[in-house]
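By letter and in written order, the chains are A, B and C; residue numbering begins at 1 in each of them.
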Amino acid sequence: MTPGAALLLADLTGVAIFAASGASAAVAKRLDLFGVVFVGFVAALGGGIFRDLVIDEAPPLAFADWRYAVTAAVTAVAVFWLHPQLARLRTTVLVLDAAGLGLFTVTGTLTALRAGLPPVGACVIGMLTGIGGGLGRDLLTGEIPVVLRREIYAVAALAGAVAVVGLDRAGLAGPGPLTLAALFVFVVRLVALRRRWSAPVAAERSARDPLPDRSGPDEA
Amino acid sequence: MTPGAALLLADLTGVAIFAASGASAAVAKRLDLFGVVFVGFVAALGGGIFRDLVIDEAPPLAFADWRYAVTAAVTAVAVFWLHPQLARLRTTVLVLDAAGLGLFTVTGTLTALRAGLPPVGACVIGMLTGIGGGLGRDLLTGEIPVVLRREIYAVAALAGAVAVVGLDRAGLAGPGPLTLAALFVFVVRLVALRRRWSAPVAAERSARDPLPDRSGPDEA
Amino acid sequence: MTPGAALLLADLTGVAIFAASGASAAVAKRLDLFGVVFVGFVAALGGGIFRDLVIDEAPPLAFADWRYAVTAAVTAVAVFWLHPQLARLRTTVLVLDAAGLGLFTVTGTLTALRAGLPPVGACVIGMLTGIGGGLGRDLLTGEIPVVLRREIYAVAALAGAVAVVGLDRAGLAGPGPLTLAALFVFVVRLVALRRRWSAPVAAERSARDPLPDRSGPDEA
């Protein structure tokens, strides 16, 4: 397999995985078939569309290559019909989501570097490619975005993006090391989930509800 | 009238219609004059701005041609002053919204094809141009986006976009057939509203609230 | 100091100020360290990224120049550790936010004019650069966006953008007049806050809750 084909395969695998996560969230919200497909589409392709807009790759791959949209749509429809089984496989979904995070972070960082972005920019873009789809999914379904919750999620992606930039600088950005970087994000995310690792929260100031709905800080 | 002038007229008509829908939603939320204008602006121009970013038309028409911003702003201000009358004309607003959906889907798909996008990408862009403004309007005003509700909305736009691509491929993308495509979207949306057609929803799994506010699927 | 260096300094000052506002809002929502940094990043850089996408400046400055991302991140981390003191300095935060609004409106309008946008487009872009970060911050933290509330905020930015376009047309866009334009936005916003100025709201139609949560106008 050529490097280009490997990157495409990794990308489409990530698309299917995130489409499944978005579609599952939409089914849980009782959205209709189109809503499920739409949220799946945003979750699968939102991060990559943002990345391509930023690096001025026009039109974005998600629109230029029909395999992206079709992969996302077919996966979402499949989840719509199969969701009772998936519900019983919740752990599997979380594992797949972590795998997608790893894949997209690595392909996103690489794409940004190839487009000539400097290291800090490429790290941020790579991280956003990884977490962007979940962000869109959560905004659409009225959730507090997963990246803002008290879990290790984006930090794992950022660490992976930094690793990819480091490998690229060292001339080691071959398939093996890059696969290891994706695996690293995957494992860190899974271990964090299992051990309930979380980032620090600022010291308590009052006894109020942790995430008051629609009330501003100024009104407390 | 030249084809270019006809496309501009269709576009500006769609802008006015969607600005009215956004402004009406903002008035209903008790936003102030500026908020009403802002939501009207996003509803009228959001879909087209996204389309132009994706096809690398820079700057987007909404910023390059002052008639777009002015049409949206004037319409929103008019709704702000006239809203008690509009409230009694709710059916009219729904009819206009369906007309805007048809217009924007057709102009968006055509613009994407002219910019060289492949068929699947042009269909998705055309649909997003049609539904994008309403999506922005609903995110801003804290609604579950209309495209995610149990109604035929985006599906009508998608069908219209597919029709436009088909007409274009067949060399029939003249004013007459394109107007028919816009009318098709318009009529499907109206009939769906009147007959309460809706897309299928996944089979029931529990008796819980259909759209629980701010609670994740994992917490149920 | 060269004009370019002055513009960069003004921009980075605005970045730090808006990062502090975003981080403070995130701390108040009890987000973790990464969430605080992420919201700070979006608040500080969101408006400028949107501006650069629209004027086809690729990649956006926020990704091309590492000083932007680092300034935002360092400020957000500082707020995370220092927030109890900041909470007692709430007035200071509001003053800084108004200063950032003035700075970003002026630099955003200038950047759009330099990129060749026509006057109306440059005004809208300048205003959106000023208010965009706060909009992203509020969408992420589940707030009704500040620009949609009953306060003079975006109107002040729009007036400042119009002033910058006027100065540019008159050949007077030097450091002195531009600083005055930023000061003008700053002072209008502060006076509006102090005197509780607000834009008009549409006439009352019923006694219902001003901003009903997640309920559409059609359901009332």
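Following the convention adopted for this analysis, contacts are C-beta pairs under 8 Å (C-beta built on N, C-alpha and C of every residue); 3 or more make two chains touch, one makes a residue touch a chain.
What you see is a predicted model; the values in this text were computed from it and never measured.
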Chain contact graph, described as a line, ring, star, complete graph or other shape: complete
Rigid-body rotation angle, subunit C and subunit A, from Cα fit (steps of 5°): 120
Same or different contact residues where subunit B meets its copy subunit A, judged by the half mark: different
Averaged-CA centre spacing for the pair subunit B and subunit A, given as whole angstrom: 27
Per-residue multi-chain contacts in subunit B, two or more chains: 53, 56, 139, 142, 144, 211, 213-214
Complex contact set, residues of subunit B against subunit C: 24-36, 38-39, 49, 53, 56, 58-60, 62-66, 69-70, 80, 83-84, 87, 90, 139-144, 211, 213-214
Residues on subunit B engaged by subunit A in the complex (per definition of touch): 53-56, 112, 115, 117-121, 124-125, 139, 142, 144-145, 147-150, 153-155, 198-203, 205, 210-214, 216-218, 220
